[in-house]
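Structures for review follow.
Both of the next two complexes hold chain A, though its partner changes from chain B to chain C.
Take a look at the complex of A and B:
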């Protein structure tokens, strides 16, 4: 019984893990850039939603429409200032340097966030925050359910963009083989820029949803980066719905562990899972391809 | 030669410092500099010379601190407690080294970070969130032995890394960093050399953790496992000059003094500045301060010639 209730909650949070991972997976898959500041992007998105709500009472589900594009622009700028220098190197150096730059960025964003918004935990508490749907004896928090549905909808929209739109197809071609894409006349640099900004926007939207259903603080960045990394390793790269499913698997695994081992070990389960998979596939995520 | 001389002068200067002043704040600043040197130099051996960017340094620092503290407060002689801390850190390093080195590049980095986080959370769960201060230890607290112990530690770290890197084995370690396959082909065992670098690095940082536990009598056990220790080591080593002996020393001096001076205005301002410097170093100045300095000097001498 408790397990079932926990599993329901795990399923709901899993959707957000999936959304967070989809952005990381997009930038990693397309640019071969491992942005460990992804969780900080998510944190920024969360604060965006929080302030829009606190200052102007804009409903967080509406402010997504502003937070997403705003984080898209932040992504554009950061790519232009920093990451465009990284993608010039060969693949191994690229991943290593992007990891280091992401790490530096993490510190900078974290410190700035504490400075401007204090280290307090914040959450968007709407009038309908406590609403619950009852299924038999089980409770399903409506806000979290809507977050899950929205996360899925965002991924669906992105999927349509990547498969149908011209730019989306360019992104996929670049991910597959950037040299061939360049020869076909795809402006690889611009494609990278768009893909990175999209990844950042996804992080922002995920952050906004986190701020409604859970809570945010300047230090949540690393936790969410790790969650996204775990999901990416679980699900592999290249499939948005794979990320979504992977996120849900992680959510359910955490829920099971909470019931069996108690709350404090919740974060450990995912990390152990992550290490086991990495050790079984030490060649890394691109190993299969070449 | 010049560097060796400079290093000796710096060491002697620091050793003589307490004879000049007994001001507690300055001696504490000294201890922090020495701990930073040891932390960054031990990271530098594995991350800089062996090229294995580990993000799990805090795990070994924490283990050293934990073991040393328990034994020391339990009544064991200090040096025995410190040795045990270093030993446990090394043993754990060897234990995880075999599987961890199956991972390459960024995967090794994230894998070690995950490992350190697992350890941090587990220790936080098992150890109570209270920090007991033995009254006797507190009453007899004296900064001077802490000052000299950490100074000794910093000198030891620099000397060990310098000697090791200059040796035949050190050449092997660097060869593995440059090209594992080529090193293997010339008869340099990659795994063996990486494990050796890991062993020495974890022993040194375990010792550093122990010295921290002795210096900082009261803290939460989990605190010593905080990823901030790893981040400090990375920032100092990279900004100073990764893969050089004097880089981490200069980096530590800058880092700690910056931290002290800036804390007056804004507690974590140094993290912001060093974060930006770190990014700039990775992108444009892979040699850090050390390289920037020698480039500037070359420019000046060329002008005057």
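Take a look at the complex of A and C:
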């Protein structure tokens, strides 16, 4: 019974893991750049939602509409300032340099967040924060359930953009073969820019949902980057819904381990999963290619 | 018309083209023949804007296009069908074709061009919703050519279009190219099947070691001793 309750909570947090991972997977899949500051982008989004709520009582589910686009712009700027030089290098140099830049950015954003907002843990506590839906003996926190549904809706919208829109298709084409994309007249630099900004926006939205369902502090970035990375490895590249499903798998695995082994093993199970998948199925559970 | 003058391209310290000059007149088909590593692909990529020239100029209809990004070169009417086809393997035939019409000018006439391309390659319209990676080699090459046509080129550059194709697909590919030639399209073609390339072309250039060593009418090249010995020997003819 405790296990079932934990699995419900695991499912709910898994949706957010999936959303965080989808952003990372998008930037990695298109730019071949690993943005280790992805978790910090998520943290920024969380603070955005937190301050909009604290200062002007804007409901986080509403302020998403502002936080997403704001993080899109932050992504544009950071790409323009830092990452546009990286993508000009060959693939191996890209990965190395993007890791260095990403770690640097991680430190800077983390420190700035402590400087401006202190190291305190914060959470958005809305009037309906405690609302719970009861199914038999089990409790489903409504805010977390809404976050899961919203995460799915955001991925659905992104999926439609990537498959139907002209620029969405250009992004997918660039991910598959950037030289061929360039020959189609697709300005590859622009698709990189848009994909990176979209990845940031996804992180921002995930952060806003984290701030209302869980809590945020300046130091959550690394933890979320790690979760996203585990899910990307778990699910494989190339599918948004794969990331979402992978996130839920991770959430459920963590919940199981918390119940059976105890809380301290929560982080361990993800990393073990990470290693096992890398050894046995390096293309990921749902990935088509390596 | 295309005018390449003293084009030099290098990969780092390695020079691939040492001052190549050539021209292509409107409605002309030009073949470039040469051994592996002569710089043929480099030349084609430089014209399409994928590689930067170190020195020299490329003019198209009087405008300089060297140093321009590929999208500008394409908008002006030059499309490259790259070696190895480079399709978007996980997308459908239709999506590949629509991506071929990505540029602003090509967007406008997209539907009409799609119908035209389907009439040239009826096989592709049957396979419209199939994923490109699952097509046969011959169909993939047709799709690669069709995708380039979606960009409304007036000069189509083909890099090894017959590589890896079964003989009957080579035949049908070249008959399509001959048809497009009759419709007034210019081509620049590099192909291991030298015999067929020279038969399609009006003029030809021989590229060796990054230099043009010979040029002239394609028909005459077919009977040129040097060309026959190097590129149309009994082994080369075996594939044609």
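In this text, the second predicted complex is superposed on the first by the 278 of 290 C-alpha atoms of A that agree within 3 Å, B and C clash if a C-alpha of one lies under 4 Å from a C-alpha of the other, contacts with A are read in each partner's own complex, and residues count from 1 in each chain.
One rule holds in what follows: contacts are C-beta pairs under 8 Å (C-beta built on N, C-alpha and C of every residue); 3 or more make two chains touch, one makes a residue touch a chain.
Everything numeric in this text was worked out from a predicted model, so none of it was measured.
Legend: residue contacts after superposition of the two complexes on their common chain; A:135 is shown touching neither chain B nor chain C. By the document's definition of touching, neither partner reaches A:127: not chain B, not chain C.
In the superposition on chain A, A:180 contacts chain C only, with no contact to chain B. Residue contacts after overlaying the shared chain place A:169 against chain C, while chain B stays out of touching range. By the touch criterion stated above, A:1 is placed in contact with neither chain B nor chain C. Of the two partner chains placed by the overlay, neither chain B nor chain C lies in contact with A:55. By the document's definition of touching, of the two partners only chain B reaches A:82; chain C does not. Looking at the superposition, the partner that touches the larger set of chain A residues, chain B or chain C, turns out to be B. The residues of chain A shared by its contacts with chain B and with chain C come to none at all. Against chain A, the residues of chain C that register as touching in their complex are 48-50, 69-71, 74-75, 79-80, 82, 86-91, 95, 98-100, 102-103, 106-107, 147-148, 151.
Across the complex, chain C is touched by residues 166, 169-170, 172-173, 176-177, 179-187, 238, 288 of chain A. Of all residues in chain B, those touching chain A in their complex are 53, 99, 102-107, 109-111, 113-115, 117-118, 121-122, 124-125, 227, 231, 234-235, 238, 266, 268-269, 271-272, 274-276, 278-279, 282-283.
Looking at the complex, you find that chain A touches chain B at residues 34, 36, 82, 85-86, 92, 95-97, 99-101, 103-108, 110-112, 114-115, 222, 226, 229, 264-265, 267-268, 271-272, 274-275, 278-279, 282-284.
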